[in-house]
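Each chain carries a letter (A, B, C and D) given by its place in the written order, and its residues are counted from 1.
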C-alpha cells in the first residue's frame, strides 16, 4: 500500500501549483505550498503513508470535529441541537450572513466558525483553561500522541481574527453566547493552532471509522451514535461550500482545514489523513482533494 | 420481514396526525392524510411491504431523480454540471431567491424546481411529447410496470403552478432557459403527475442500490457513476432543507415528494419506498420519515 | 432662458458618449445615443427648450408616475398603501429579490416594476382595454397633447419581457395579483410604449409643480395631497438605486425611464423634462442627469 | 405660536401610550414614556416651545448628523463618499446584513451605525480624546449651549454595545476600519450619550435651515453645500426604514434617535426639535412623529 500511495502523491504533486496558501492569517502564509502528504490508518492501527506525512501543520477547522464530539459526549446531541443546526452552508466558511438570516440566529452547523464557537460552550470545564486541557487531551487520545500548539500561529490568529471577533460579538448581542467573548475567542484560536501531521489525522479518522472504538483494545472512546452524527454532518458540511461536489467525486465524510489538512472516513474500513497547504478558492487543499479522489476510486470507498 | 414492517407501520401511524396534506395544488389536498405504506425491494427483486403500499400517489419531486438519471445517461455529468450545481439548499423547495443570488444564476442542484426544469432540457427528444414518452418509459422500466399520469393532478398543477411559471420565466430572462416556457412547464407538470405506489418506488431504489443493474438479469440500465452522482446529491439535497437532519437520523440517500412519497437507497442492500401524504412543514412525509428511521435503525442501514 | 439651455446642452453633450442605450429590449437599442434635449415649463405654461426637445422616445418608467397618480385619484392613498410600500430600493430596477424578501411580499414602492404592476390593478376600468384608454387619456391631458404608442417597442417588450413575466407570475403565486397575468402584462407593456418628447414631460412636471392645478385655468386636475405623495416617493425612489446620489447632486423629486427621459419637479417654480438615451449603469440618462445638475444649480432649485 | 404648540402637544399626548421606550441599553429603559416636548427656532433665533421642551435626553443617532457635518467640513464630500454611500436603508438601524451584502462593503450611508463609525474616522484630531472635544464643541456651538454627557448611559452603552462591537470588528476585518476598535467604539458611545433638550435640537436644525449661517450674526458656520448634502441624506435615510413614509406624511429632512428626539429642518423657515421617549417599532418617537405631522400641516412645510 505504501508504494501505491507514493505513486498517488507523485501523480497529484502538480496540483499543488494550482492552489494558494491561506494568507488571512499572516503566519499561515509562511507554509510551503508544494508540500503534499498522506496517511491511511487501518482499523487494526496499521498505518501506511507517503509524501510529507510527518510534516506538521495546524489543525484549524478539523478541530471542529473533535470539539463537536467532545461536546456531544459531555452534553448529548439533544442538548446541542437546540443551539446549533445541521444545515449545510452554501457560502464561505465564516460568513456573517449565514448567522444573520438563517435559522433564527442559530448557527447553521457545528462546522462553520459561528457554530464551532457555540460548540465550545458545551464542553465541560470550570474555565477556558480547563476546557483547553480537556480538548487537547481528547485530541491527543484520538490521535495517539501528545499534541501541542504552534505559538506563532496562535498569536497571529489572536491578533488578526477580527472576523471571528465580529461573529462572536454578534452572537453575544443576540444572546446565543453569554460567555466572555475575548476568553472564548482565545480558546478557539488556541485549539485551531494545535499542530498535527497526517498520521494523527488518519488515526483519528480510523477511530471514527471504527464507530468510536479504540484501535488497540476496542474499548469505546466515543458513543457510536455520536460518531454517526458527526459523520453525517461532515458528509453534508465538511468541505465548506464544496461539500456537494466532494460527495460526487470522493463520496466520504470529511473535514478540511485552512492549514491544508483533510480528514476522511471510510467507515468499517480505514481513516485517511492528507495534507497540502495550497488551497483552492473554497479553502480546501487542492492536492489533498486530488489524493482523496484517487484513494476513493482505487479502494472503492464511496458510500454512494 | 413483512410482519416487522407491519409493526413499524402500526408504530408510526400516529405521526400521520401531526402532518398536513399539501394544499398548494388544490387536487393534492384531496389526499387521505392517514395513509401510510412501505415497500422494501431486495436486490434479487423480492419485495416486502405493509400498510397502504399499493395505494397510488403522484410521484412529484421523486421524478427529479429519474429525470436527472435520464439526462445523465443522455448527455453525461460533465455537460450537466455547467448548467446545474451540486450545492445543497437551505431554503424552501421552490425559492426564487436560491436561483437569484447563488451560484451566478445556475440553479443550485437538480432536485430543486429550477434545477429540475433545466434538467429536462438535457433529455433527448425532438419535442416535449417525445421527451415525455422517453421519461415515462424510463420510469416504467425502473419501476417494473407501465405507469400513467393522474389527469386531475396534472390539470391542477398547470392551472395553479404560478411559482414554477415565475421560476421558468426568470430563467428564460437570464438566458438559462432558451426553450418555450409554457411547453417546458407542461412537460414538467405532466411528469410530476405520474402515479406510483410504494412498490414502484422501492423497486427503482433497489436498481440504484444495485448500482444501476437490472434486478432480474443484472444487465446495466444506468452507469454506476451516474448512480453514484445521483445518490451523492440525494444525500445532500434530497429532503429539502431537512437533508442534514435526515442524514443524522436516517443516514440514507433519499428523495421525497409532496405527494407523500420518499425513496431511500441502501446501496448493496435494498431499496425502500414509503408513502404518507401528511407532510411536515418542510414538505416531507411525516409518517414516511418515521418509518425510515425505524427501518434504518432496525437493519443498521446508515451509511455514516 | 432658451440660450442658457442651449449652452447647457452643449456643455453636457460629451456625457452622452459615456453611456449606453438600453438593450434588454431589442427595439430600444436602436435609439440614437448622442441625442440630448431639455424642456422647462413654467407654471403659466410658458415653455423653454433646447437640443432634441421634440424628438420622440418611449415613456417607459416615467409612466409609473402617471399610473400611480391615476390610481390615487381612483382609489386614494389609504387603499394603495396596504398593497404597495413606500420603501426605497437599493437594488436594480427589476429585482425579484426585492419582492421576495422585503416587506412581506408587498412590492417596495410603486416605482419598481412589481409595484407598478400592482398599481395598475387599482386603476378603474371594466377591462384592461378600458384601463388603457383611461391611462393614455390622463397622460395626454397632463402633457397637453394626444399621445400614441410606439408599436414596434410595444411588440418588442411583449416578446422579451420575461423578467416582468416572472415578477407577475410570482406575485400571482403569492396572491398579491389575482388578475390574468398576460393581460396585465400587455397593459403594462403598452403603457410603457407611449411616445413622448421633452415638452410633454416638462408640462406634466409643471402640473405637479403647480400642486395638480391646470396651467391654463388653475382648475384642480389632481388632488394636492396626491401630488405630494407622488413627489415624496419620487424623491426617495425615482432614480432607481441612484436616488440618494441624485438627491445630493440635484435635489429634486424626479423619475427616469430607460427610454432616456427624466422628469423633474421644482414645486412652485417649474417642471423639467430631459431626454438622452445613453444610460448609466443604473438605468438613468447620463446626459439628462448632467443637464439636471446644471439647471438645479443655475436656478437654485434644490429642495434641501 | 406657543399656544398652538401647546395644543398640539395635548393632541398628541395619547400617542405616547402606544410606543415603547428603547430597552436595548438598560439605562435608556429608565426614560419616562409619557414625556413629550417640542421647540421651534426661527432663523432669527427666536424660539417657541411647549411640553417637556427643557427635559434632557441623550442625543443618540441625531449626533450622526453633527458628526457627518464636522467630517464634511474637515475632509470634504468627495473624500467621504468613497468610504460611505448615500444609499437608503430598508432594514433595521444596525443590521450586519446591510454592511455585508450591499455596496461592496462600503456602509450604505452615514446615518446607519456602520456608516457613523466610519464617519468618525474622518474627523480631525490626533487621538479620540481630541476628536471628542472637537465633536462636543461643534455640537455646543450649533446648539447654543455647553453640552455634557450622561455618564450612566455612556457606561451602559459601553457594556452592552455588542452589536456595534460586531459591526466594528467586521469592518476592521474587511479593512474599512484600520483604527483600534475599542477606542473608536468608546468615542462613538460617548458622543451618543451627549445630553440635549428640544431647544438644542431646534437651534441646530435652524442653523441648517439657514444654510449653515449663525442665527445671530449670519457668519458661515457650515458650508451651504455640506448642509445640502446632509439634508438630502436625512430626507432619504434619516428616519430608519420609515423614511419613505415620513416623506409622505411630514415631508421634511429629519433625523431621529432612540433617545426619543427628532430633528427636522424646514429650509429658509425654521428648525424643529421634538422629544418623546416612547418609540414605534422602527425606532422613531411616536409622539414626536405625530407632532411633526401636525406642525408640517399647520405651517405648510412639506418640501414636496
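We adopt the following convention: contacts are C-beta pairs under 8 Å (C-beta built on N, C-alpha and C of every residue); 3 or more make two chains touch, one makes a residue touch a chain.
Treat the numbers as computed from the prediction; the structure is a model and nothing was measured.
Enquirer: Among the chains, which is located farthest from chain D on the basis of C-alpha centroids?
Expert: B
Enquirer: Over half shared numbers or under half: where do the identical copies chain C and chain D land at their interface, same or different?
Expert: The interface of chain C with chain D is built from mostly shared positions.
Enquirer: If you average the CA atoms of chain A and of chain C, how many Å lie between those two points?
Expert: Roughly 55 Å, centre to centre.
Enquirer: From the mean C-alpha coordinate of chain C to that of chain D, what's the distance rounded to whole Å?
Expert: Those two chain centres are 33 Å apart.
Enquirer: Could you tell me the distance, in whole angstrom, between the mean C-alpha positions of chain A and chain D?
Expert: 47
Enquirer: Which positions in chain C touch two or more other chains at once?
Expert: In chain C, no residue touches at least two other chains, as defined above.
Enquirer: For the complex, give me every residue of chain D touching chain A.
Expert: That would be residues 95-97, 100-101, 162-163, 165-170, 172-173, 181 of chain D.
Enquirer: Can you list the chain A residues touching chain B in their complex?
Expert: Touch residues, chain A against chain B: 77, 85-90, 102-103, 108-109, 227-229, 231-233, 235-237, 241, 243-245, 247-248, 251, 253, 267, 302-304.
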